[in-house]
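A, B and C label the chains in the order they appear, each numbered from 1.
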Amino acid sequence: MAGKIIGKVGIPQDRFEIRLSGSGGQGMIFASVVLCEAIGRAGGKNVVQSQSYGPEARGGASKADIVVSTAEIYYPKAMKLDLLLAMTQEALDKYYPDLKDGGMLIVDSGLVTEVPTEKYYGVPFTRLAREEAGHIMVANVIALGAICALTDIVPLDILTDAVLARAPKGTEDRNKKALEIGYNEALKQKK
Amino acid sequence: MDRPTKRLLQGNGACVEGAIYAGMRFYAGYPITPSTEIAELCARQLPRIGGRFIQMEDEIASMAAIVGASVSGLKTMTATSGPGYSLMQENIGYAYMTETPCVIVNVQRGGPSTGLPTKVSQSDTMQARWGTHGDYNAIAVAPSSVGDTVPETIRAFNLAERFRTPVTLLLDEVIGHMREMVTLPQPGEYEVFNRVKPTARPEDFVPFELTPNLVSPMPAYREGYRYNVTGLTHDPMGFATNRADEIAVKLDKLTNKIDNFKEEIFKSRAEMMDDAEVAFVSYGSVSRATLQAASLARQAGFKVGSIQLYTIWPFDYDTIRKLCSRCRCVIVAELNMGQIVHEVEKALPENVEIQPMLRYDGEIITPEQLLARLEEVI
Amino acid sequence: MATVEKQKSDVMLNYLRPRKKFPSVWCPGCGNGIVMGAFIRAVDKLGYSKDDIAMVSGIGCTSRMPVYMDFNSLHTTHGRALAFATGVKFAQPDMKVVVITGDGDALAIGGNHFIHACRRNIDITTILINNYIYGMTGGQGSPTTPGGSYSTTTPYGNVEKHFEPCHLAIGAGASFVGRATVYHYPQLEKMIMQALEHKGFSLVEVISNCHTYFGRLNRQGDATAMLRFFKERSVTTARAKNMTAEELENKYVIGNLHEDNEKTEFCDEYQKVVDAHKA
């Protein structure tokens, strides 16, 4: 009898699941909070964010999950990812199996060397942060810019407002620039 | 201050927003994962609205301080997890005995002992009912989303004030830490209940008077009513008693003031239950997974429903029986080794199959697990 | 002492709880009654409103005291009076909050709350009646039971060291600390008045007699004999200054031991935060 329910229904259609992963200190939690706020500000969609806590969150692979839906979000955690951002090889290795078939994979091509699929977007977020945006800290914001360009999850202007609302005073220009770098770099690769 | 009414909040943050909306102006607590954000937010927000925050030396003192402040006249709250909830139990009992309104938030984590500070659990469900020694009746409220947490915290305060009793707000690590967009309520949107004050002349005042609803009016300090509050079993005047008739009357008061209004206190959300042959019963974060599983099963054409308990205690056996009247099987899903499942067993007739769906490894129950269990019973 | 006889004192009658049944739970001759009398007269002389006084206590013989008096009384759990009192004071900073406690209540089960209340320098007056033993439960050893002394849980003599509550309070940050005995009544009454008027955490340690247990088990005689003992063994702070440590052994140094009127008080400091950040 097994499979008579699970076989008939897949993962709910009206649900978009995102995981931002990297190592502790790469700002994945911050990026997820900003992305959620932007999606929330844009309106029309429900959004839930959750993250790894405790020993799991210090060093090693760190992750934050976001579920987006136009309907009420029942289960708040990711079931099968529609989008995985991996900022390190370790995060990619750990979370790639959670990506659904045909899901979107975005990696930091400067830090990730072995990708188990040919279908992915590679942007050297950390290198761009250091060399073009002026600070390694904004690699996560560059990644947000890329996500914005590669999906229709949130418009760039609203994402920019959300980033600036959370960014520390004095870093506004750098963050704005970071978003644009990520957005434009990803756009070049968009298929 | 210009604050947008729609904000991305953690469950712990939503709890603070709800509490402040309900009129909470005094918080005493001790930091403990995963409840700490509640203390931090109260420390930041309460002075801004003229309220008071104090970090006490431990959870025993925290519970004591909120009872002292409530007797003084303020709406009070503390928040804790795991071991902290155990430490509070003696003074929670004092609050039951002295009929002092207050709200205790327990953001549940795994136990026993230090257990799993960063992992989710629902294993304090029974402690919320039976945690302190002696006979008493308990109210426990359990939201399942960040959005729910605002009105459910307000409801917890209203119940505490209305019934003059401590109320436990049972959150869990998943709800406490996850973030959702929340529309903050406008003034007047939710009813806020304040404890009934006495109207008697001070010389005629009977502090623990047996009123028709068994809830006695409660003055604040410096309102002219000087009375005795004691954790000893006491007569209506508030003086310790050893008389058998007075002892029974006091304990009946503690129990019946809540039992008599059980239908009103109980709150649940029944989805897809009208023709359900199989039902999930759950509460807290697990309800998110049961709703997901039930809705997926419906899409596949199976008559499956979901009952979410917003009020855990007092447990309303009659309502559960009515809601499940068409069910041949009820799956009780909870993050412990079996607690509420036994209450559901008491509620339902013998011909209904009851399946516990338990998880106690620090992870949340997933919709896949629930669907797999569903396949076994369909 | 608590048995009401009108001719004794109209002041006392005015402050005893009108609807509370007497006699008290205390043994005849108990020092608790003397302390209650001193407290009532101190309050009367200071002219405080009854409504403005909250008396908070824990568990033990001394902790029954608030119940007999016509103030706001909060008789709480064992050892926790200061934590409850902190809630009362912080919620109603204009009230006079007084904790009545004993050596077991304040220093054993309540030791942590005691040092932290001192540390905060919260404006609470604590009257700690030290009779060196647990009276209510029948004569067990307490943190102030002297080494070698007998109690029902130290039947062969106490092998532990004891606390000096005043030293503990000074070390923890209390800003008014004094010691009196139930024999030295005028000094006790005056010290309670000073403690009540002091802004900050004040401790009055009152050496008292539990002739029923401590006196009997340690062959110190009845209440009168114990009071005489306190009289003979007490030296004032002024005299103590010129005495050697050896001479001071087994003596009660009585008087004001510590007073700091400059130290900031917890509720005042918090109010500054509220004033600075209130929207």
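Heads up, the rule we're going with is that a contact is a pair of C-beta atoms (placed from the backbone, for glycine too) under 8 Å apart; a residue touches a chain by one contact, two chains touch by 3 or more.
Bear in mind the structure is a predicted one, so any value in this text is a computation, not a measurement.
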| item | value |
| --- | --- |
| Chain occupying the most central position, where position means C-alpha average | B |
| Pair exhibiting more inter-chain C-beta contacts, A-B or B-C | B-C |
| Chain at maximum distance from chain C, centres defined as averaged CA atoms | A |
| Where chain A and chain C are represented by their mean Cα positions, the distance between them in whole Å | 62 |
| Distance between chain centroids, defined by C-alpha means - chain A, chain B (Å) | 35 |
| Inter-centroid spacing, chain C versus chain B (mean Cα positions, whole Å) | 38 |
| Footprint of chain B on chain A - complex, ascending | 1-6, 8-9, 12, 33, 36-37, 40, 46-51, 53-56, 73-77, 79 |
| In the complex, chain C residues that touch chain B | 17-21, 50-52, 54, 56, 66-67, 70-77, 80, 83-88, 90-92, 94-95, 112-113, 116, 270, 273-274, 277-279 |
| Complex contacts: residues of chain B adjacent to chain A | 6, 8, 33-34, 117-119, 145-146, 173-174, 177-181, 285, 288-289, 291-292, 295-297, 299-302, 364, 366-368, 371-372, 374-376, 378 |
| Of all residues in chain B, those that touch chain C in their complex | 1, 26, 28, 47-50, 52, 54, 56-58, 60-62, 64-74, 76, 90-91, 94, 203, 221-224, 226-232, 237, 239-240 |
